[in-house]
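Across the two complexes that follow, chain A remains constant while its partner is chain B and subsequently chain C.
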Partner chain A sequence: MKTYQLPEVIIERDKDKCINCGVCVRQCAFEAHKFDEEGEVYSEDEKCVACQRCVSLCPTNALYIRDNKPFVKDNANWTAETQKYIWKQAETGGVLLTGMGNPKPYPIYWDHILLNASQVTNPSIDPLREPMELRTYLGSKPDNVQIKMVNGEPVIETKIAPNLVMKTPILFSAMSFGAISHNATVALAMASKELGTYWNTGEGGLSKSLYQYGPNTIVQVASGRFGVHSEYLDAAAAIEIKIGQGAKPGIGGHLPGEKVGRRVSETRMIPVGSDALSPAPHHDIYSIEDLSQLIYSLKEATEYTKPISVKISAVHNVAAIASGIARAGADIIAIDGFRGGTGAAPTMIRDNVGIPIELAIAAVDTRLREEGIRNKASVIAAGGFRNSADVIKAIALGADAVYIGTAALVAMGCHVCQKCYTGKCNWGIATQDPHLEKRLNPEIAAQRLYNLVRGWSHEVSEMLGGMGINAIESLRGNRLHLRGIALSKEEMDVLGIQVAGSPMA
Partner chain B sequence: MKRVYAKEEVCIGCRLCEVYCRTEHSKSKNIIKAHKKEFPRPMARVLVEELRPVSFALQCRHCDEPACVEACITGALTKDESGRVVHDEAKCVGCWTCVLVCPHGAPQRDLERRKIAKCDLCPDRETPACVEMCPNEALVYEER
Partner chain C sequence: MEGRKYRGNYRRNISGCGLAGMMSEDGRLMSGEPIIRAMEVLHDRANGLGGGFAAYGIYPHKKEFYALHIMYDDIRAKEATDVLLDERFEIDSEETIPTRKTPGIGKSPLLWRYFVTPKADRCTTDTCEEDFVIDAVMHINEKVEGAFIFSSGKNMGAFKAVGFPEDVGRFYRLDEYEAYTWIGHGRFPTNTPGWWGGAHPFTILDWALVHNGEISSYGINKRYLEMFGYKCTMLTDTEVGAYAFDLLLRKHKLPVEIACKVLSAPFWDEIDRMKEKGDPMADVYEKLRMVYGSILLNGPFAFIVGHTNGMIGLADRVKLRPMIAARKDDMLYIASEEAAIREISPELDRVWNPKAGEPVIGRLKNPVNNNSKAKVKAKAKVKETVA
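Up next is the complex of A and B:
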């Protein structure tokens, strides 16, 4: 039986304003707008994914997309969404697929954490008049530093491990070429160079044309080992071993063959049109010792010149796993919380597996400090960072830097319609269709990414100055500057913060 | 002289350049009135050529040695001192000779007025409307 399903949204077209120019028709890859036989534009609501491309480009503002929640009899358990999922699966028998990050209304701890500011007893700092240091070093730090004097000049005797240097504690997180378009990767690379930070190839390999951005590139070695070869490792500033991803902890990836065109095939080193399957585990890693072998293989391959990062999803045992990773020899631990995005994930996994990044950062930082190995590895937090306040709170909780993915996509034009897995992204981001990809002008997108991170960095400086702190280093793990509001005692214990109103002692 | 150049690699084929060209060359210069109320209808002087995924906007190239000026039987097309190929509507008789000789296919036949319509580089604006309004910066107005 084919059930009629109410369209998710309604396309409202103001006929008084519509000039029939057909921009909407030409822009919609989902074919929600069409010309009829007389050349009049009309719309089909059920095809609309609410990506807002037509709304953004309509020259007369004649279009409005509105929500069309079906009426279901009031029921907190059998909501419209739960029923819709069941109808879909009753018809197809398949796994529900989706894109982007977890949209469920779980508590967002960032919104329950408040920052401090100086008043009277310690002066705040105006970052526009006084120096403010956001420079961040990622990598292993020595236990202590030996200095000797040579001809009256101090020289560091201790061997310092390779570190990444960035002008701001914000990096672009792993998004593979394949999941996102070539132009999107170019924009990320260009913006990273301009900002003095890093972007991450994900497991899609690195196109030869982007080797010029190598000094600002972190390359990934993931379970599928796509695109990994010595030049790829040599081109990068750092290497990241991907164990897990916040949006889908415990499962692998699947880039459908339709998205594997000539260029993707070249960078991933697989035949055109073949599915790119990343297994759930690395088939050579079943223990911390195995992980250590891969870390040191990569260090050997690059002659100990680059920091090695290990990326995991935030799961229940994240602190112990992070400790193992630090002890296995990783220089950086990247932790991806359950709100992290993806090009495609089973809906049930995205919405129900993993833990919030806020709790994971605190748990990992606390554990590494207790074990006296916090200096062995830097911690990058990832997964749903929305603004500069989230970033600065993460650093105060104990992260060294923050990966942004979804925020970067939104800056480039994404409207979070969650249809990345269809490959029809109307914004030219999550697509390999050459006609759609052109819609993302890498120069414009790079400028927008630059503007976003520049704005956030300014705001971080302002907030730091307000706290009377003049270097991001001094805030790292400084949880005294955080206070919890409307949280349980247990939650605040994990976060390692006190309730708002408690004194600075 | 400054000319309009298309960046084919980022042209998205939306045809907004045509919409804004028509508006700029309308009586009211109001986008809705220009498209719904005015007769004879304003003509776009830029045309998006498209064979997906390739597309680009094309308008009069304002050639150094314009074939249209040489061929125009009434002297309606001339090259002015700034280098623009200008069209005097009063002199145009709609013989379409320029349409025939233009190697770029730039002059458009305005069948309602029985005259041609061609790019005038928007004399009332600093930057032509098509360039300014292109959502993906696929048109540039520059000296080359």
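Up next is the complex of A and C:
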């Protein structure tokens, strides 16, 4: 069938600059660049995914990829994108698939929230000269401590549940081996160790070679239970039960058999070449009490030595669900907003289901405080965090820490082309092709991840100091330091903030 | 008096201030005259928009009763409050708080004090008496237009007004009272003036707190305290400090030194160094910060807190506001400036500048127990108006 779809981009090659070296040909797994019969390089626009790999590596800067906005008659309803989707489905009869997070122009509340700073009445603190503390503990805390005096020295009698301790309130979000390459997981693990934070295996299991990074690893138990066994649980610093993911709330996952090679097969404990299907619900969790059973099964299995996290996507009733999760015994609640990324999701679900993480954090934090159970569980926010300002605003709204996924991938080289599900990632990140994977040097990628989080942490310190605060816990849930701009009253009510220009009350 | 109207606009107490406190650890009773003089030395740290004092041991003849000091905008506010008080308390006596005409003190609200004890049938076994009193105070302060309870402890009282502190002290005739602990405050607010209730000290039960500074962590401290049922109706950082002491010391029963380490916590670097040296306190401080991070008071402050059995001075963890302490015989002095202490006690045994986060703690040598139940004489609602 002839496709009616138009190329999304146009590849421009400056013939004066091109030296016909063939780097672009070798770099493009989508085969957008080719040699013709005479050995001249040419390009096929319709194959290009705009990952910018060729542009970045072209030695003479001869390539430029530009958007191909096809002309469709001016129509707010039947846009070029809408028509493209219809052509695609008319040609395949399938579900529209995509990768990465929700790209639609929904309001980004971070960009409507402004931070405070000190002037005169309260000195700002200079983090270059004074201590600035970002250390964060994730896990359940008691409401109070009991102190006993032993030989005149105070001793804390209250037993405190295991907590994760981290130097900065930023963790790497769940990305499974399978969705991303082995080298990418190595880079995340190495960077986490160096940064004093954690990375998350996703539901892909943990390769034995990475057990050495166990103290910086959160392992996931998802509905497919891939790669879950006692050594896996023992190796980890914490265990996360994955209920949902921001990019695809309410549905399961699908790793196509083509991506299940020998190593993926080993860590997931499934045959080579078989599809890895994660059911939409856990088939042993049909209610909150079932979740509680799984939480306590995992606690029993690990002898109450590790915090148990439960990850959910931000949906309309997120506050009540989070409250139930805290009461079910979870030590950490991870909430993934609708801009959270994915290796593969149905486009319609990614773009239309769930709510923004900003509103979810505020609703959950408020609810847990109203119920007096905010100490019972820490809250990790996830889903589209782009920079340190997003991070610090999330903490001021009430999150204990933030998961970053897409930002980490971008640091490693991802250009957000949204073709992760094809397995042809030219950057060696979202692929299992050994030739492509080799392009990602884990040490260099780890350095880039380290630099990113270090930079963000410095920026968070500067902003904290500007507010006259020298410990992150004094900003956590401290919404008085936030102001809304160009938001409705209802939106500000949910966020629990006041309009810019209102005083400090 | 435009209290209610101002209260609506009354925002956080962003202010520079002067503080002084003096305590006889032997429990000797002293007139209010020296503390007034100490505050007079600190005149320039205030701007005339608020001054106040708290005194402990002033009502020995009524020491079993909660002494409620209440300011009313008008008689209607009093009538509305009286109904609520009658529902909750046996009232031993009520009277106006004696004052004298003083230049520098403007029009006064109606100032009353009541000596009360919770009604037995209202204060059931599962709520302790103190919580019942706190609830009643918070309820009235929140709900009754034009009424404000600014002191609610036993055998103690707070006195405050708009004006310079030395004038406020004379206005309330504090030279005629005798107390073993006095604390004073002069306010330099940078925001709305005008409401008497906005002056320091802030009190709850027998906790009275005077404060110089701004708590940048106020937003989370307030939300944390709300989880434990405190209502921060005043929107001031100082109020948060008073409730924090009540929570940590009275409810969670932490030793006072430990509570101070919660509010002005040691840095992680310091804790880590202690851990390396094998100091067992490292574990205590780490857990305190884990559990009580939300009530860490962050930002520049110096506090003096009075309570029945002592006085506490505490500055923030990097000491961004001044606080000096001194001892002479049984006396403990704390003030913003040494000059204020030297004014009332030129000879001192020891003067020191407490380090950031290092509390100064005064304790009565013979602690007082005010928990004995008060008994109200039958039909004892006699008005003993002293005006």
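As a working rule, the second predicted complex is superposed on the first by the 502 of 505 C-alpha atoms of A that agree within 3 Å, B and C clash if a C-alpha of one lies under 4 Å from a C-alpha of the other, contacts with A are read in each partner's own complex, and residues count from 1 in each chain.
Quick note on the criterion: contacts are C-beta pairs under 8 Å (C-beta built on N, C-alpha and C of every residue); 3 or more make two chains touch, one makes a residue touch a chain.
Worth saying up front: this structure is predicted, and the values here are computed from it rather than measured.
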Problem set entry | Larger contact residue set on chain A - chain B or chain C | C
For this session: Return first, second, both or neither, reflecting whether A:Glu133 touches chain B, chain C, both chains, or no partner chain.
Result: second
Problem set entry | First, second, both or neither for A:Gly152, with chain B first and chain C second | neither
For this session: For A:Thr60, select first, second, both or neither according to whether it touches chain B, chain C, the two together, or no partner.
Result: first
For this session: Using the touch definition from the top, say if A:Asn478 reaches chain B (first), chain C (second), both or neither.
Result: second
Exercise. Once the shared chain is lined up, is A:Arg439 touching chain B (first), chain C (second), both, or neither of them?
Worked result: first
For this session: Report for A:Gly93: first if it touches chain B alone, second if chain C alone, otherwise both or neither.
Result: neither
For this session: Could you look at A:Asn20 and tell me whether it touches chain B, chain C, both or neither (first, second, both, neither)?
Result: first
For this session: Using the touch definition up top, name the residues of chain A that touch chain B in the complex.
Result: 16-17, 19-23, 26-27, 57, 59-60, 428, 433-435, 438-439, 441, 443-444
Exercise. Which residues, counting only chain B, touch chain A once they are in their complex?
Worked result: 9-16, 18-20, 31-32, 35-36, 52-53, 55, 133, 135-138
Exercise. What residues on chain C touch chain A, complex-wise?
Worked result: 11-12, 14-16, 190-191, 213-214, 216-220, 223-224, 226-228, 235, 251-255, 257-258, 265, 267-269, 280-281, 283-284, 287-294, 296, 298-300, 317-318, 320
For this session: State the interface residues of chain A toward chain C in the complex, per the touch definition above.
Result: 118, 120-123, 125, 130-131, 133, 135, 137, 141-147, 149, 153-156, 158, 160, 163, 369, 372, 374-375, 467-471, 473-481, 503-505
